[in-house]
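Following this line, the structures themselves.
Two complexes come next, and they have one chain in common, chain A, joined by chain B in the first and chain C in the second.
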Partner chain A sequence: MKFPSAIGKRNTTPQSHGPAGEDIEGLQKIVIVGNPNVGKSLLFNRLTGIYVTVSNYPGTTVTVDKGRCKINGRDFGVIDLPGMYSLIPITEEERVAKLMLLEERPKTVLHVIDAKNLERMLPLTLQLIEAGLPVILVINMMDEAEELGISIDFNDLEGKLGIPVVPIIATAGKGIDQLIGKIDQYVPILDKFQTSYQKGIESSIKEIESFLKNSYPISKRSVSLLLLQEDEDMQRLVKQKEGKDYDQIDGILKKTSRKYGYPLNYIIKIRLQNEVRKITSSSLAAGPLKTAGFKERLSRVMINPITGIPILIAILYLGLYQFVGVLGAGKLVNLIEGTIFGEKINPVITKFVMSNVPYRPIQDLIVGEYGIITLGITYAVAIILPIVGTFFLVFSVIEDSGYLPRLSMLVDRVFKKIGLSGRAVIPMVLGLGCSTMATMVTRTQETKRERVISTLLLALAVPCSAQLGVIFAILAGHPLALFIWFVVVLLNFILIGFLAARILSGEKPSFYMELPPLRLPKISNVLIKTYSRMVWYFKEVFPIFIVVSVLIWISQLTGVLRVITNGLEPVVNLIGLPDETARVFLFGFFRRDYGAAGLYSMQNSLTGMQLTVAAVILTLFVPCIAQFMMMIKERGIKTAVLIFAFVLFFAFGVGFVLNQALVALGLQL
Partner chain B sequence: MKCVFCGYEFSEKEGVGACKGCPMAKCDMIKCPNCGYETLPEPKLVKFFKRWLKSYGN
Partner chain C sequence: MVTNAGQEILEKLWIDTVEGEDEFIELKKLGREGTINRLAKSEHVVISDNRVKLTPKGNREAKKVIRRHRLAERLLHDVLDVGVDDMESAACKFEHIISEDVEESICTLLGHPRECPHGKPIPPIRCCKEGKEIAEKIVTSLSKLRKGQGGKIVYILTKNHKNLQKLLAMGILPGVPVEVIQTYPSYVFQAGQTQIAVDKEIADDIFVRFV
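For the complex of A and B:
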């Protein structure tokens, strides 16, 4: 059977690279599939010897190797397909591999995977099983995996997947005899693993299956899944086979797609990945390394709590406090805001506007107390940009070094106590850059409970980079104050997470991840990343800061600003802060970094104790408008409003208690 | 491209696809289809210079 092809009409003649150009027509086929660089070609050579033909897939430049092998006296055709990651192709090679896999109706499909990267490659195994193909899982590079201390329970894996699993070392020819034996004796097993998807997707699969009246080269369930993932080849085939009935199938596809925020191929991929994690949780173990190099030793030291926590503190101290806080938010901001904007740019523009613009309100809009230039642009360019710039530089170094996945492993145990897992490091770390984006990323958490808890913690206790930099800068001269701020925010993070985990019922998360190797960051990569992040941030911040300046100018003109700050003043007075800080919290609601910049500009008029209390409240204070909107979208209006109200009262409550405690203790900060 | 968090290799196209449902899709972020970690693609200016350097080298 051939798929209706959308590939060009060019049909190249097979090129024979072997001495005798193998013709495998009419033979039963053994097809080898797998990711690139997993040893497929080596296995192919082991099975076929040197008698090989290399031909182009019709209409493409993609080459396919074909050969013969004899098993128990019978001849088989062997096909080595181009590398593929998934049944949903992205590259031409992957598409050819998928088409051939489906067209050849193989006797056996050998899915070759790298033993070192089991978790990354098993989703394709699940797809092949789902397709009803006669799969044997071939785990290659066992020697390298053992070197890394990885051990695999093959019986457990075989039992869970319901297919034969054969470990091999293709380079040494080990395990090939056992594999040949399994091919020879292969009997399709009925009790194979089946991935279960979300209810909505499962019911759509069933609906689509009911319209598939004709026969297909793979299971109808797999056909339905490929259709849901918008696989164009399958759409063409089903259209051709089912004729008018395809319109009804199309209706189901559209209806299902509308139900989900993400494309269905993404949702299905995540589900497959989660299933793989469950399978490997008992089949895979990382034991002691036989020969651990420096990077491996460093990696283990970073994950071990006894050594990992001091390393984390050192990274926070040097990277965030010294580089972002002292250098970025301190010296650079002093230079840009104090000297360049304060003494050069702003006075010149102010003088020009005052002498050329006759109307006072317009003067105020441009260069007034809340003016576009004197407040909006000054905050965005002179205060926030140097801070986020230095933060992004440090962050790019940390990211490129491969430290983040190790941080996940390090905090996994603590995060489990607060209903999360090491996977939650992703939104938490991204939250340091932008909490709005991070709130969206909470979707990738495994359970609903995790998603709600991480949304709450992002809204409450994860400061954005600009906030963090400003806080480091204004508390840099008060080490005890900085320590108190850190402890209070950390305790709140753990306490609220712990309580939320007790209150919210739901599945407990599991977490397993392969650790990519540690790397020495490349300077060029780090600079490019920092540049692209700064451009991104600036593009996002600049217009918002100007809009906020205009909004504040309007509210000042209409008197609304006075009414709101008047309402907030008694609250801030109650926690020992002066009236002016009400304005900072109001700014913080528009954008967290706007509020941070406001606090920075009034730091000289506050005492150490007031700065500490203000920094704690500003960190815990309600999410900005954009984050709040995202919370509504992600968690629903009820949960979002509840979190908002809780955070609002909690932040000021903590500020009040902290102020009382500091006064009672008589600490000089 | 390679995810800096989990090491998963994927194409820019595959990553961008994961962000279709997001109201902030204009942020240009690319999400890793394996772990959800987000990162920015190489800026156009950098791509332009790389192409230019390559053609200059040729």
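For the complex of A and C:
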């Protein structure tokens, strides 16, 4: 997961965001490529010292990271690309990875592969060699492979492939020095391995090559092969470069594909795989398949619905309710907000300001009801930080363990009903932490339809951790209210997902995912990850809280706040809530958590029923300003505005109906 | 040697008189009088009172044609994933050109199927009786395997381009050994050192041969 520092700015080039966005213009580039979940980000971290969130989950690098590293006194730019399976992309991030790989003209390409799955990952190595790129094969996770009894003859592999091969253990930092040495001395080896294809394909390659008159970033052989495999980007590029000649090339492509019954990418991939098997026949010795270990047994229990669903509920209860809700939003917030800020810091500052600043509006700006310190900083540090912090800690543990892909597999069938696939579990669970971050992650989904539906659901029915924490805290004394809130929000999630899936046309989602082995989360990894997410969040939140305080102060000074809240009051009265809640909802737009925090501070003046209705509306209610910006950035302004308008009316509609229903039932909450 | 048209007639007689309730078919209902006369001459059918019946020789021949037709349907349907409409017309041509050896290979490959895709019985021959102890089909889609079953991938259906591409990307290719770990709510299988989860639609496209 990478966290853009400049949310809201629409970046056309993917490389320009991310905290690891060092300027590496003009430097020679080292590009890291490989399948998802093979340790690319960790290697990037080892080379550059920049921390990118590393997890045991395929597809966490959604943006491109850049950093610097010094080798032998010289600076190099290091680029960490999103995971890619082959040169023919399936998802948008894979496409980004491929295009960058082709455009960067790197000094060295580090192809990182998982030692446990050598055979499966080498076809991409062959493709990279074929493209004429200066490849070093980096075989990672040697420790896990050895545990499985796999042994690899690196010299043999090096000899056959004709490129440097370096074994490493990125988690322990082993082999990194040797790798740096090889990058430093990298000399292109001339007789690299060349894959030979079927005669018919080879002759088509020759024919196509003869029409490629211009220069390309990769070898013409590779260009021809990509064309034969119907790669759209390459088609576009060649069309643009060769102009009229493309028609002839197209003729060759059509002729070749008619010759074979199967699609050419199928035939070519099978050939590549056969070549790999020949190469590894002398260099790879696999141990017996181990499927009886404890981790494997645990994994089976997790993916079996009979045992897996109780496990899921236990994780949600312990991780979310107990840890984030009771500990984070309850105890920690009480301590920091009530004791530290409420009794120590704020009174002192208030006293100081009151006696030293003569002008009333300025006093208000700093320590007034909506003051920068009494509202902005207090909310950000005392209420939101502990909640979001505890959530990210739990999420990092879950993520590192490899549980999320298993959860995806478990919920796929249900998610299909709402137009999503099990893959959407990641943005949805992450959305329980921060929906803004989650909206960004929706781009890892395959089809546009899935991306729109998950963006909608995140905006509507997925409460963020700050909301969750505050809602848990407010409703803690009202178990029935908490239950009603949960059921109403869940029903809305399912109902709207179900309807959206019916209404939105587009490709049906399909589900495929690797289940990486379960790992015991590493404490250092979890802490670093939590820390880096909190840094991202804080950079995100803190300025907004300050800005919001100032905005509210201005609108209060000018009377605008009064006008807007007056306008909202009849609406909230209609759903049985007192006037003051209008303000809470208004603040909720500036940040969802901000609104939640506002609700928290007025909990004592509301009845159980009012709290329930307010909690439901606040959960469903419009996304916060940051999330809205992210929606515009990821989905475009039209979709974002439509979702916004829908959510706004829908949330109050549900609140109205719920209030009527609760009144009619006469429930004591 | 029975001509294609003759085989067609025998098939019809088999369906109506062996599988159906009828004892004969009216000559004029069958048409193609020349063909029927030739069949009568080669003692595959008897004609009396304008009614046509199979002889024991004709019965044997008809059974073979029926069997080839339905095996062809199975092959087209299960393995080549041809739609039901195309399957019918293609099977009509197939039945005339499959040699006995090829027929036996197809039958073994498909695991001696007992019914055609329409649910009608496929008359068994020697190879089926010998192969009866193989309870499961030799080639079947991954989605039909039970927990713990496995084999080698023999082919992947290529009609859905996107699914094919995903499978290729993950290294799910012919020759890869697989074992099913779980079938519900999604399919989880071991492929080499990797565990992969897919939905039913994708599992349907992967065909496995038992080892």
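FYI, the second predicted complex is superposed on the first by the 380 of 669 C-alpha atoms of A that agree within 3 Å, B and C clash if a C-alpha of one lies under 4 Å from a C-alpha of the other, contacts with A are read in each partner's own complex, and residues count from 1 in each chain.
In this section, a contact is a pair of C-beta atoms (placed from the backbone, for glycine too) under 8 Å apart; a residue touches a chain by one contact, two chains touch by 3 or more.
All values derive from a computational prediction rather than experimental measurement.
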Notebook entry, point to check: In the superposed arrangement, does A:N265 touch chain B (first), chain C (second), both or neither?
Noted result: both
Next item on the list: Answer with first, second, both or neither: which of chain B and chain C does A:N566 touch in the superposed model?
Entry: neither
Check: Touch check for A:S203: first (chain B), second (chain C), both, or neither?
Finding: neither
Note to self: Quick check for you: in the superposed arrangement, does A:N304 touch first (chain B), second (chain C), both or neither?
What the structure shows: second
Margin query: So in the superposed three-chain picture, is A:L410 touching just chain B, just chain C, both, or none of them (first/second/both/neither)?
Written below: second
Next item on the list: For A:I426, select first, second, both or neither according to whether it touches chain B, chain C, the two together, or no partner.
Entry: first
Item checked: Which of chain B and chain C A:I90 touches, first, second, both or neither -> both
Checklist line | Partner chain in contact with A:V535 - chain B first, chain C second, else both or neither | finding: first
Notebook entry, point to check: First (chain B), second (chain C), both or neither: which does A:N72 touch?
Noted result: neither
Next item on the list: Take the contacts of chain A with chain B and those with chain C, and give the residues found in both.
Entry: 85, 90, 120, 262-263, 265-266, 269-270, 273, 405, 513-515
Check: Any idea which chain B residues touch chain A in the complex?
Finding: 4-8, 10-11, 13-14, 17-18, 20-24, 27-29, 31, 33-43, 46
Check: Can you list the chain A residues touching chain C in their complex?
Finding: 85-86, 88, 90, 116-117, 119-121, 123, 148, 150, 262-263, 265-266, 269-270, 273-274, 277, 286, 289, 291, 299-300, 303-305, 405, 408-414, 416, 421-422, 507, 510-515
Notebook entry, point to check: Which residues, counting only chain A, touch chain B once they are in their complex?
Noted result: 85, 90-91, 120, 260-263, 265-266, 269-270, 273, 399-400, 402, 404-405, 423, 426, 430, 436-437, 440-441, 443-444, 513-517, 528-529, 531-533, 535-536, 540, 629-630, 633
Checklist line | chain C residues touching chain A - in the complex, by the definition given at the top | finding: 156, 158, 161-171, 173-175, 181-182, 184-186, 188, 190, 192-199, 201-202
